[in-house]
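For clarity, chains are labelled A, B, C, D and E in written order, and residue numbers in each chain start from 1.
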Amino acid sequence: MSVSIGQSLFLIFFGAAAVWFGVVVFRTHSMVRSAIALLFSQTAVGAMFLVMQAEFLGVLQIMMMASEMSVMAIFMVMFMMDPGGLGAMDMTHQKRLSLWAGGIGLTFALAVIWLTGWGPAAQAAPAAAEQTAALGRELLGRSMFVFESAGLTILTAMVAATMVAIAPTEEHGR
Amino acid sequence: MIWLALTLLAPLGAGLAALAVRRAPQAFALVGAALGLVGALGLFASAAAGTEISVSLPFLPSFPVLLMADRLTATLALLVAAVAAAVLTYAIGYMARDPGRARFFGTLLMFVTAMELLVLSGDWITLLAAWEMIGFASYLLIGFWHQRPGVAGAATRAFLYTRSADLGLYLAVFVLIGTAGTSRIAPTLATTGTPALIAGLLLLVAAMGKSAQVPLQDWLMRAMAGPTPVSALLHSATLVASGAILLIRAAPMLPAGALVMVGIVGGITTVVAGMMALAERDLKRLLAASTASQYGLMLVAVGAGAPVVALLHLIAHAAIKSSLFLGAGIFQHDRDGTGLEALAGAGRARPGIFAGFAVAALALAGLPPMAAYFSKDAILAAALASPAAPWLLPMALGGSVLSGAYMGRALQVLWSGTRSETRAPVPFMAAGMAVLVGLTVTLGAGFGPLEAMLGVGADAKPWIVPAMGLGVGLGGLLLGWSIAPARLLGPLLAPARNGFVVLGGMDGLVARPALALAAQCERFEQGLFAAVLAIGRAGLAAGSVVRRTDRETIDGMIFGLVEYTIDLGGRVRRLQSGFIHRDLALTAAGIALLIGVLLAAPFYP
Amino acid sequence: MPLLTITTFLPVLAGLVLMVLRDRSARVAHGMSIAATGATFLLTLAIWARGIAPGGFAQVEQITWIPAIGAAYRLGVDGLSLPLVLMTALLFLLCAIYSARIKEHAATYVVLMLMLETASLGTFLALDGLLFYVFFEVSLVGMYFMIAGWGHEERQRAALMFFLYTLLGSLPLLLAIIGFYLGTGTFDMRAWIGAPPLSGLAAMLALIAMLFTFAVKTPVFPLHTWLPAAHVQAPTAGSVILAGVMLKFGTYGLIRFAYQMTPEAFAQAGQLVLAFGVVSAIYGAFAALAQSDLKKMIAYTSVNHMGYVVIGVAVAALAVDPRIKVIALDGATLQMVSHGLVTAALFFLVGMLQDRAHSREMADFGGLLDRVPWLGWAFILSAFASLGLPGLAHFPAEFQIFLATLDTRPWGVVALVGIVVTAGLYLRAIATVFLGEAQDRWAKMPDLDLRERLAVGPLLALTVLVGVAPGWLIGMIHATMTGLVR
Amino acid sequence: MSIELAIALSVGAGLFGVGLYGALSQTNLVMILMGVELILAAALVNLVAFWRYLHPDVMAGQMFVLIVMTVMAVEMAVGFGIAIVRFRSRGSVEMEEARELKG
Amino acid sequence: MGRDLSFLLPELVLAATAMLMIVAEMARAARLVLAIGLAGLAAATLLTLPVLHAGTTVFSGTYRIDVISGWAKLILLPGTAAALLMARAEIAGRAREGSLYALVVLVTLGALMLSGAGDVMVVVLGVVLTGLGSFALVAFLRDDAGTEAAMKYLVFGAVTGAVMIYGLSFWFGGSGSTLLSDLGRLRGQPLVLVTGLAGLIVGLGYKAAFVPFHFWAPDAYQGAPVSIAAYLSVITKTAAFFALAQALRDLPREAGWPFALAVISAATMTWGYLAALVQTNLVRLLAYSSVAQSGYLLMGVVALGASPAAVPGIVVFAAAYVAMNLGAFAVVMVVGRELRDLDGLGRTHPVLAVALVVFLLSLTGIPPLFGFVGKLYLFTAAINAGFLWLAVIGILNSVLSLAVYLRLVVPMGREPAGASAAMSAPFLLCGVIAAALMATLGLGILAALLPG
């Protein structure tokens, strides 16, 4: 029970942090700050994974998000000339409608969550090592096709991103 | 069989040949008429010998065409052929210089064919067909000189009047076929009860139209617009006769109620038309009115239950009236007109012709020993013997007096004026007329055998009848010769000259309302467009989202719908604002709706 | 040999050949057109020679198309469709001859006409519900372009009106077809006829849908308003085809679909249909009487004449005695053919008059009979045929219709008034246009030339032939109708 | 239902709501993508929670998490690619300026 | 594993082709890239034939080799080849030409994943893969319109994709499996079912451009090269339908999705045609028309599990749609993007005009063209499934569609504008048009050969 209560408390804490930083993302007037808030939010999500004993995924999440957000911050500084916090411009529109949409989405999701009988909870998760091994077997067995598809998706993303982002100067060279 | 074919096909073939070859139509006409006469004689001979010739030809699946020459129809066929032959002979002279000869003779021969078809028809459909074709042929003949003013109108009027009345024949035929289940005439004559009464009255309506009975008499006077041979033929044995022939043939079927109606219609007509004839100032129109009057007498006979007597009078009248018309035509030839004033004294110029004319006129007045004397007496006798005698006899007598009167007047006018020079001799015309006058005189002798052949004994008439007949005939002639019509008719003169038109006649009663109705329909038609438009508009207004269109044209709902749809398309298009966030918002709303529908859907299986 | 298929598609194939030809001059186009329609006409004669079967469809040609849903290519003839097919092929041939003078976009015009012929023949020959609908609709498109491309002053508007009206009108038919399909699982019309698939309310709804469609097409009052507009604006050949062939789609469908596939519902609704037919006949006659435009007048008389057909079919549905049913159906079918022949001739003649005088107003003319005797006499003959003179084509048809009507619902005979009114209006038209004093302004008007005589002559000859000896035509109709009422 | 699952799923719901708000309200392409990241994070939380508290033996759950992470990454990559090309062309990635195509 | 791979041969060949194309692109040999691509597509098509009727799954059910995915390959692969040829005719000689070809093939691979999806993850990956590739393809021209289109497309795709993933995550919670075949376990959990379903419909609906998830489509098509617009309008769209069919086949009909999709179907066709009615840009007009066509395809999806005609309907109409829509776009490529460019086409290029008319009539559903056969199946399926009202709306919309397409036909009969008389059709496009024409006409008449 104590584990459970501890888990709950941690989940509440990190969850609150994730949501709070999520809100912050859209409340600052600087994109760099937004990026950093998003980084914190995602890290809190990663921490929740750790709390939920999905160590591998948790670590992955934190690392990936950290790198991704730093890319984003650099990107913004480089390309958008936004050093962070200088301009106090409003970057929103249809705010009220969006609030309604977000609110309704939230309400609906909560309704689904709370009105559904999810059945008895599993008490224990597999140990971390076991988990990773099972995930590996899943990856190379049943989900092989999915996994390879993901690979292809990444390849596509690379081709696509380079194709569009390549400097146009080259075009004149040909 | 061969006689039947000859009777019908000879005139038809000759007519078509005349139209096709367009040269020497007179020759074709003569040959056709002669062959037709030969055929009719053959038919009559064999019918008289007791052999009925009949032939059945395929037409409609359940209703073949039946041609039949029994004693009655063969007699009529012979009459038609004979009169036709005579009139055609006459017409060769009359039309000698007309450029449209080929068309004239072609049409005339087709007309004769149609008439023969009518008298020989053994089934109602053929009779109806022939009946209508006679109308068509008369339309063409009356309108022959259509370039002259008023002629086209006269032809149109003749056809329309008779066709309106034909509806009666249509309906009667439907009733009879529907009741008897066959279109043959013979079995349907056994029809009794209500169908017989309805059919009888409807037949009377049809006969009234064709035989120009009151109140459908108006067209007949105007039909004088055609060439004179046409008038002669129309009035004597064909168009006008067909109404009487119809009733004579249908007489066995007519119940008492229908007979009385026939008699009364005939009686009224004979008197009214007689007065019109007396008041007339044009010789041909006088003769036309007299025709209506004489057919009225025949209807009286039919109504009195003596159709054979009517037939006799029909035959007699055919010869008489064609003679009179032919004579009138010759006078017209001389004087270029048929007004009585213009014709004054014309008789003196051609005494021979006048003599023929006079013989025919006296015959019409009913003087012995001419044919009409016998038939008129028979009619009077029948009227006397009829249960409706109190109605029929006075009218029959009145008609007879008037016959004498207007003929007397005509003779007086023709004889009393100044003599003028004659033109060229008219051999063909005279020949045609001579034959007919000869018939007028001699036919009476044949009536006895004819009655015997048709199975009606010439029963002894009470003495009063010949006395009455002779009296009214002579009296009428004297009155007509000596007293001016204005004094004879008194206050009735003006209405008689107007043809006793009631309430504007058919023009006022039928034609004008019909045209008004048509105009109403046209207005309604415009209104229909507008209404369609209005419905469309109303629907659109209910939608309340519709942009108002300024154009007030009669586009109708269709165009409204198109505009509305395009408008809707524009609205849809405007939703596509180009702002991605708006699109996304719409999408979000869509998702919400989708979830709503998904949740609700199980309740709407 | 699949004669029906060849006949149906020969015209459109000829049209395609014409499209790929290098030389598409008016001469070549019209030559092609006459050759193709002529060959088609000969083929229909061959179909006629092969004969029909008394109890059902003959010469059936069937090719599986989409077996999963019971759709197939099915053609066949019976005594109802064969006369219409013969008439269609003849009218298209005559139109091809008549149109040989058209110079602007001749090739396109010819292709359109050929396409229309295929669609029209297909409509009468199809034994598959879908196929029927398709041909029915394609004919619509063809006529739309015909009016829009070669019509008179207000053609675009009239074409659109025509198109939308009949397109919207034909949708209910599609629903009915779907209904039949759901009832049987096949689109085979023979199956629908053999065992009417719907009953009760469903049958009544299907009937109402079909009646609506066919009433628009026929047209029946008050859905006729598209007709005068379309006719007045359509080119002459378009009017001829529209009145001669396409109006028959409505009445053909009325018998083939409404009468044969929902017989019980039709019998229930017969009185109402009869009433509409009667009103149409009378209204059409009076509306025609009010016209001063010759073409419009003839267009309205079509409403009148087609009203008689509707009366005939309704009476057949109402009658109890099978003999009367047969008489009514014989009359109705014959009336379709007669109307095709006579009205086509009238539209041709008015078109010829318009070619010469560029006017259709009756008051503009007078005394033309002596100036152009061929034209005049042809018009007089056709007009008298149209007003139902015995010895000409309409009489045997109308006689049977009225006979059956009086026997079944006597009040329906009030439509007889129509024959007097049409008599009046035609006589007035003849008197105004052709009789009377000749006017100097038309002194130079030429009479019909050979091409025009060739176009009108056969129609007049057939008008007389059908009127005098309808046996050859009504024989085949009768054979089928006798089987059909059983 | 265990309380932990409820907490975790509710956190997911919260992230979803915030993300949806962001995606709809932001004018800048990059900011919208941040909203998308938050929605995807919500999905991640859901999936991990479902795996942990309902189906710990079904490794497809973790697999799904990996897939969603991949999606996050590649979408960002292509998103930046497009942002760059747009920025080069117009000097801004404001969505409100993108109104050439409409109707 | 060996067995599984043998069934996956077409996909593997295509994947290898894509790699080779990328390698060749590094050498900047665009024509080689194209050749490899076409050869690979042809090979993959041929390799599909042996497994067409396999009716099995591979990798524990995550990917299906069944009738839908088999026919999907036969439809999508030739369609892609045609699109490649069209693209070559349009962008030959531009920078990164080969990348575009490679990307097209990769996107097609994603489309194949979608149409054979047996697992939620495959659906997700398919949507994302096709999406990512498409964004880049749309942005290919890099002008203002192209980048704007790509940006909108991206935003739309990213948001709907994320919503889809969030919704689908509940399915895992509810069923304890990511396999579509285990969706039956969701009975009794309506909220979970509906949430996931909504997610799925949003994600695939955006891909297939249903109302109201279609907003991106006209903009994206307009901004993209015409050939890419054509490609997107047929390949990714039909793939989304196949995926939807794969997923919904395993869902109980009582869940209410047939009704919801029927509503969407009706809304989609009506909206699409209404909007198309007022367009003057041909590409946009065709975009809206393709939105409307989605509505028709959806009729088949609605009938899944209730009518034997549903799957054949989807397959046949998809095939017809690919042929006729590609054909119509190809003609537009020759003629120009504006409605007025069609003026006088009937006079200057009669064959081209006739081809366009055939495509448009087929899109309307005039028999005996291919599109009609497909629609017939769809209508039959919908009616069988008890959605008569939907069929009626479909028929009414067919009328509307006639109005839409006649707007294209009518100007072709006008007098030529003059300038257009000089244009000529590239050889490649002629080939594509001819092939599409043959398919549209031939398969319509020979419909008896199609799967029943």
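Methods note: contacts are C-beta pairs under 8 Å (C-beta built on N, C-alpha and C of every residue); 3 or more make two chains touch, one makes a residue touch a chain.
In UniProt terms, the chains line up like this: A = NADH-quinone oxidoreductase subunit J; D = NADH-quinone oxidoreductase subunit K.
Quick caveat: nothing in here was measured; it's all calculated off a predicted structure.
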If a chain touches subunit A and subunit C alike, it appears here: B, E
Each chain counted as touching subunit B and subunit E at once: A, C, D
Most widely separated chain from subunit C, with each centre as the mean of CA atoms: A
Most centrally placed chain - per-chain CA mean versus overall CA mean: C
Label of the chain whose CA centroid is most distant from the centroid of subunit E: B
Two chains joined by the most C-beta pairs in contact, as defined above: A-D
Intercentroid distance (Cα basis), subunit E paired with subunit D, Å: 26
Separation of subunit A from subunit E, taking each centre as the mean of its C-alpha atoms, in whole Å: 31
Chain centre separation (subunit C, subunit D; CA means) in Å: 67
Multi-partner residues of subunit A (at least 2 other chains): 93-94, 97-98, 101, 105, 108-109, 117-118, 142-143, 146, 150, 153, 156-157, 160-164, 168
Touching two or more other chains - residues of subunit B: 562, 573, 576, 578, 580-581, 584-585, 588, 595
Junction residues of subunit C - those touching two or more other chains: 168
Touch relationships between chains, expressed as pairs: A-B, A-D, A-E, B-C, B-D, B-E, C-E, D-E
Touch list for subunit A against partner subunit B, complex: 93-94, 97-98, 101, 104-105, 108
Residues of subunit E touching subunit C in the complex: 308-309, 312, 350, 354, 366-368, 373, 376-377, 379-380, 383, 388, 391-392, 395-396, 399, 402, 413, 447-448, 450, 452
Subunit B residues touching subunit A - in the complex, by the definition given at the top: 581-582, 585, 588, 592, 595
Interface residues, subunit B side, partner subunit E - complex: 562, 565-566, 568-570, 572-573, 576, 578, 580, 583-584, 586-587, 589-591, 594-595, 597-602, 604
Residues of subunit B defined as touching subunit C within the complex: 58-62, 125, 128-133, 136, 139, 143, 146-147, 149, 151-153, 155-156, 159-160, 163-164, 167, 170-171, 173-175, 177-178, 511, 514-515, 517-522, 525, 528-529, 532, 556, 558-559, 561-562
